[in-house]
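Below is one structure, written out as structure tokens; comments come after it.
Naming follows writing order (A, B, C and D), and every chain is counted from residue 1.
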Amino acid sequence: MVGGGPTSLIGPVHRAAVGIDGEIEVVCGAFSIYPEESRQMGEMLSLDRDRVYDNYEQMFEREKDLPADQRMDFVSVVTPNHVHFAPAKMALENGFHVIVEKPIAFSLEEAKQLQKLVQKTGLLLGLTHTYTGYPLVKHARHMVAKGEIGKVRKVYVEYPQGWLSTLLEGTGNAQAKWRTDPKQSGMGGAIGDIGTHAANLAEYITGQKITDICAMLNAVVKGRKIDDDTSMLLRFENGASGVLIATQVAAGEENNLNIRVYGEKGGLQWQQHDPNTLIVRWLDRPMEVLRAGQPYLSDAAKAFTRTPAGHPEGYLEAFANIYRGFARAVRDYKPGKKMNLAKYDVPTVEDGVRGMNRVKTAVKSSTSTRKWTALK
Amino acid sequence: MVGGGPTSLIGPVHRAAVGIDGEIEVVCGAFSIYPEESRQMGEMLSLDRDRVYDNYEQMFEREKDLPADQRMDFVSVVTPNHVHFAPAKMALENGFHVIVEKPIAFSLEEAKQLQKLVQKTGLLLGLTHTYTGYPLVKHARHMVAKGEIGKVRKVYVEYPQGWLSTLLEGTGNAQAKWRTDPKQSGMGGAIGDIGTHAANLAEYITGQKITDICAMLNAVVKGRKIDDDTSMLLRFENGASGVLIATQVAAGEENNLNIRVYGEKGGLQWQQHDPNTLIVRWLDRPMEVLRAGQPYLSDAAKAFTRTPAGHPEGYLEAFANIYRGFARAVRDYKPGKKMNLAKYDVPTVEDGVRGMNRVKTAVKSSTSTRKWTALK
Amino acid sequence: MVGGGPTSLIGPVHRAAVGIDGEIEVVCGAFSIYPEESRQMGEMLSLDRDRVYDNYEQMFEREKDLPADQRMDFVSVVTPNHVHFAPAKMALENGFHVIVEKPIAFSLEEAKQLQKLVQKTGLLLGLTHTYTGYPLVKHARHMVAKGEIGKVRKVYVEYPQGWLSTLLEGTGNAQAKWRTDPKQSGMGGAIGDIGTHAANLAEYITGQKITDICAMLNAVVKGRKIDDDTSMLLRFENGASGVLIATQVAAGEENNLNIRVYGEKGGLQWQQHDPNTLIVRWLDRPMEVLRAGQPYLSDAAKAFTRTPAGHPEGYLEAFANIYRGFARAVRDYKPGKKMNLAKYDVPTVEDGVRGMNRVKTAVKSSTSTRKWTALK
Amino acid sequence: MVGGGPTSLIGPVHRAAVGIDGEIEVVCGAFSIYPEESRQMGEMLSLDRDRVYDNYEQMFEREKDLPADQRMDFVSVVTPNHVHFAPAKMALENGFHVIVEKPIAFSLEEAKQLQKLVQKTGLLLGLTHTYTGYPLVKHARHMVAKGEIGKVRKVYVEYPQGWLSTLLEGTGNAQAKWRTDPKQSGMGGAIGDIGTHAANLAEYITGQKITDICAMLNAVVKGRKIDDDTSMLLRFENGASGVLIATQVAAGEENNLNIRVYGEKGGLQWQQHDPNTLIVRWLDRPMEVLRAGQPYLSDAAKAFTRTPAGHPEGYLEAFANIYRGFARAVRDYKPGKKMNLAKYDVPTVEDGVRGMNRVKTAVKSSTSTRKWTALK
């Protein structure tokens, strides 16, 4: 693991997710840019001292030299945004599979470099777009793919948060600080932090790519250096259209990720705050409420719950689903043989490139006076 | 009453709304373009035969000649969109107050003519933008005005319906037919039918006018002659921004009018499907759920419920609130004295002009390649 | 109308309900025990002065003597509980149909006297058990009757209120005062005021009579003279069992009437706070959410909405449904011909007798050390 | 671990819960009564072969002889109900702490034996009453303890399931089979399986013991040998009263555990299907909706979430909270020093004894003709 030291928010989430299925074990790490903190973390995790490293360069160096049955199987990168690219690149260059916290890199160019490296090495690169790990998101995708709601016409996806409603970065809040600092976060604020999750979810469920966007990005809070609020009109490749909302100034909202997809025959709605429920509206019969763990769900959904219906599962379990898929791909991996990570239902480097492109295009559209900007 | 004959959808709604408070009585009418149907309706309503007219021209002619204490106090126009203007105009020209079903007219020009007539005659013209009649909508407006959620920053308003998901107008459905026929409905389909309700609600609650829009209008269903789907980005006069969605092809949706307004300190949410509830989110304390009829509400809200908390009130009661306000204004009216109908919390001719302008501007924006179009 | 003067809570509700359909008109009344208040009310309602009476005795006396086409068609009794019996009795004795606010009388004995009078005169006596007027309650009954959920096994019905959580009757609150005074309210407090609504709803939907009860009645608030809280175990004639909760000390609750009925194949849930929705759970397929006004509903339900799906209707509309049914029965009435008021879906004198018996039996059970008490 | 082999339902749940925090590691086990299956499980968990045992007797025998820093720290018993007692007893007799899946034993007598052993040895015995592990359940308890809702008056707790609506045990379903077989499950069916969870939750949140019950137990499905449905009236030590519902024939219900507690000033509601939300109703101000992870919660609740507000946590996380508390107690344990496990917020042997007593008393009450039976 690279990153995830004592002050990390997302590090423990990755480790908890990994622990749920017991298929993955943290064996080594460079947890912090401060070696002392890295060692501290290693102790908390009861790791072998020899495998707690001062920095990730050292980690790759030494792990590479360990016998194949002793060295780590893959590396997990959970650092802030601007430190995703370098360790991911180094992992691939040193022969390690890698799973990267979203976004894949700091810029579209970096993302493309990683893509080339993946193509060249044949190694696996996974991305933790967590929300696609929820079982009912998978069922929604299944229903659309089977044509159950007919051709998709409208997509409304939104991710309202409220935690940046004040100039939190001015108060010493570490999370707010790096997320609103273009040097650490990248060119996009809300659009990169949460908007990209929303867009990814929309494309995942509908199976349709966004082709054109018309974006309005705002820095609503005075003194903020980056957008904290995004709205955009969307066009999809199949002719569908939609709206994406991603804001961090919707005072009082938590992570109210919500997607609605309407087709010719019906509509689907999924909300992260009630993740074990999928609402299905029909043109000519009563609305249905589908629930995780129920026998009537698709195999696509049933494979991703761990308890019978009625036992709520949540964010960590969705996260674990991504990791479990990646672990299985790593286990199946054979050097020299081309593997399709998407078959394991794990977000790939292509999703990462696409994500970076979305952010770049949104920023471009936002400053344009033209209505539509193509998302190539 | 003009219109509201045996096949009318909205006519009985107006009459039921009027009946709730017992302050208004239907005394005469020209209910249909077919005199026979008008008479039939008159009988159903036990009206005096002499006061059931063959057409509205006749009605104005004869009512005008009745003694002041016998003739109708005001006229209610509930015909299809393209027949709002003429009877409303004739009412004003003949000295009658008039309440018009939304939209006020067929075009912006007609609306402006009515506005001038109102200014000239000093008579009252009310508009049934029903949704502003709900008590918790009024409370939401009150909270914003009092600054309880701070300066408004974001407005998300949506009105999804699904009933036009198929080419219903091709099946003989009368409601679908006139609403999708530009000759009867006007230049806007969804934008005029429901989008204007959404926009009006947003302006009503926030007290802020929309200044610029970026609209996408679609005719999603093949063969349809008019938009059945609208999305637009919004800018408000105080610097707030937002999104408006109004669609009639969200399969499975009823009248899911939903508005969220976020300010610096908190956010409000109101949904027509649960109209007796107002959700208030706060930046730093638990979400609150306000309920109609409760003593803690503002007088603005309390004056508009008829039963104690816990007795659901709905659409007809909201409608009745508009009518009751109008009736009271009519009662207070003194010829020659300028009256402000807005003080009675009844939508006015200005709202009607504004509504027509919104439709026109939305259509203009939709066909423009420029991002923003001003709404003057 | 008897009762419903200037300070009445339920009087305006009856009048608003009556106004919605325009099939009934208030033509006369004895609105208060104070003739002055009665007259005041008559003026507010623009009634003919001659037909505003000083007391109900006078009203029956004089109305009886009017020509058949001028006198009132039926009388509505909306006085406090202890003044239901006398005017209802007098109405029947003087040849008038009567609709009585629930409970039908002050004691079981009085109720039985009315029952005999109805049998003897053949006149119509209706009871405003409002909750059975909701369209989705009617659909629930229809589904049970059609066997859609299989044989009924479990019934959970509850009516929690919180308004009597303090000794409100000690503060001069008029509603609290008479409802907690055994001399005005009768022997049952919560059980009579709301518990009987809950029980009636359970029997109405399931079509099964309660045969045995095991009741716990409490006067929770210190100083209260009557029960403000009821819980009981139930047995039904078909072998089903259940629980009834009716409390007025559930602090913070409004009128959260909620019923769940489970059969062999599925379960139904209806809640007054969301009255336009019926939840249907199935053993082997997704939960369905049925909505008022939808074409897929039974005729039993469709006949009782006034607006298309998506326009919320509420308590007044449910009330209006009872009145409309009664008005139609009155219209169809032919002297000398036996009529079945239940066919008009209006609660009858039999429901009234049953209600009084339930209260009496609950009080008896509550003071007994035996578990079960039969409800004959 | 004792039990939790390849066909176990609850075994993987325990292991996933344990994995979330990474503070506990499964090091050995006797996973099945079939040594082959036990070995198979050991391999799946990558355990050292030497520490996968043929049966639990062997496990205790051998683990006991390992050096203190190598042997297991405690044992987890996850077998069917009738095999809880023997391994738990043997654990304590051999000097091991033990955590037992609910119910603690097969009979009240066995439970009391374990209680004596715990008192004698000073070892720790924990019980996985999972529902008390939810953070908002802990906050609810905190609010009651602080007097925020005033003295508790009413408690409504229910646990409806629908999965035993048919004679599932006749179809070969293993879960249904042992749970409806008195020889494996004990004298109580629904009352023991889920009713005891509901009662435990009520006592946990209110801090009040149930003193008297009036129970109705039914075997609703023909051919069933044990109750599948329970309803009971309750009295609490502080004078509060309530109702408990636990049924397995509410067709279509999952694990709809729901508790409402009303005090003099307000009421609390928590539902397992939306576990990250606590509804608080107030007598004189708007209802509040509290959410897991929010800063405004008590420390009691905040200590038990792993992610910021807006990231749903569920059943496994609640389970993990029980285990984490137990692990910390084990770590703090010093032989010879009396420890209070309840301080770690872990259900204890006393809760287990109480649970067995509740089942026994409920069965006794159900067959009695007297209304109330004391729960000593």
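The rule is simple: contacts are C-beta pairs under 8 Å (C-beta built on N, C-alpha and C of every residue); 3 or more make two chains touch, one makes a residue touch a chain.
All values reported here derive from a predicted model rather than from experimental measurement.
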| item | value |
| --- | --- |
| Shared interface partners, meaning chains that touch subunit A and subunit B | C, D |
| Chain pair, A-D or B-D, that carries the greater number of C-beta contacts | A-D |
| Between subunit D and subunit C, distance of the C-alpha-averaged centres to the nearest whole Å | 43 |
| Separation of subunit A from subunit D, taking each centre as the mean of its C-alpha atoms, in whole Å | 35 |
| Centroid spacing, where centroids are CA-atom means, of subunit B and subunit D in whole angstrom | 55 |
| Of all residues in subunit B, the ones touching two or more other chains | 253, 280, 287, 291 |
| In the complex with subunit D, residue positions of subunit B that touch it | 280, 284-291, 294-296 |
| Residues of subunit D defined as touching subunit A within the complex | 9, 12-13, 15-16, 18-22, 26, 45, 161, 253-256, 272-276, 291, 293, 306-317 |
| Complex contact set, residues of subunit C against subunit D | 149-150, 153-154, 156, 158, 162, 165-166, 214, 216, 218, 220, 229, 231-233, 241-243, 245, 247, 249-253, 260, 262-267, 280-283, 287, 368-372 |
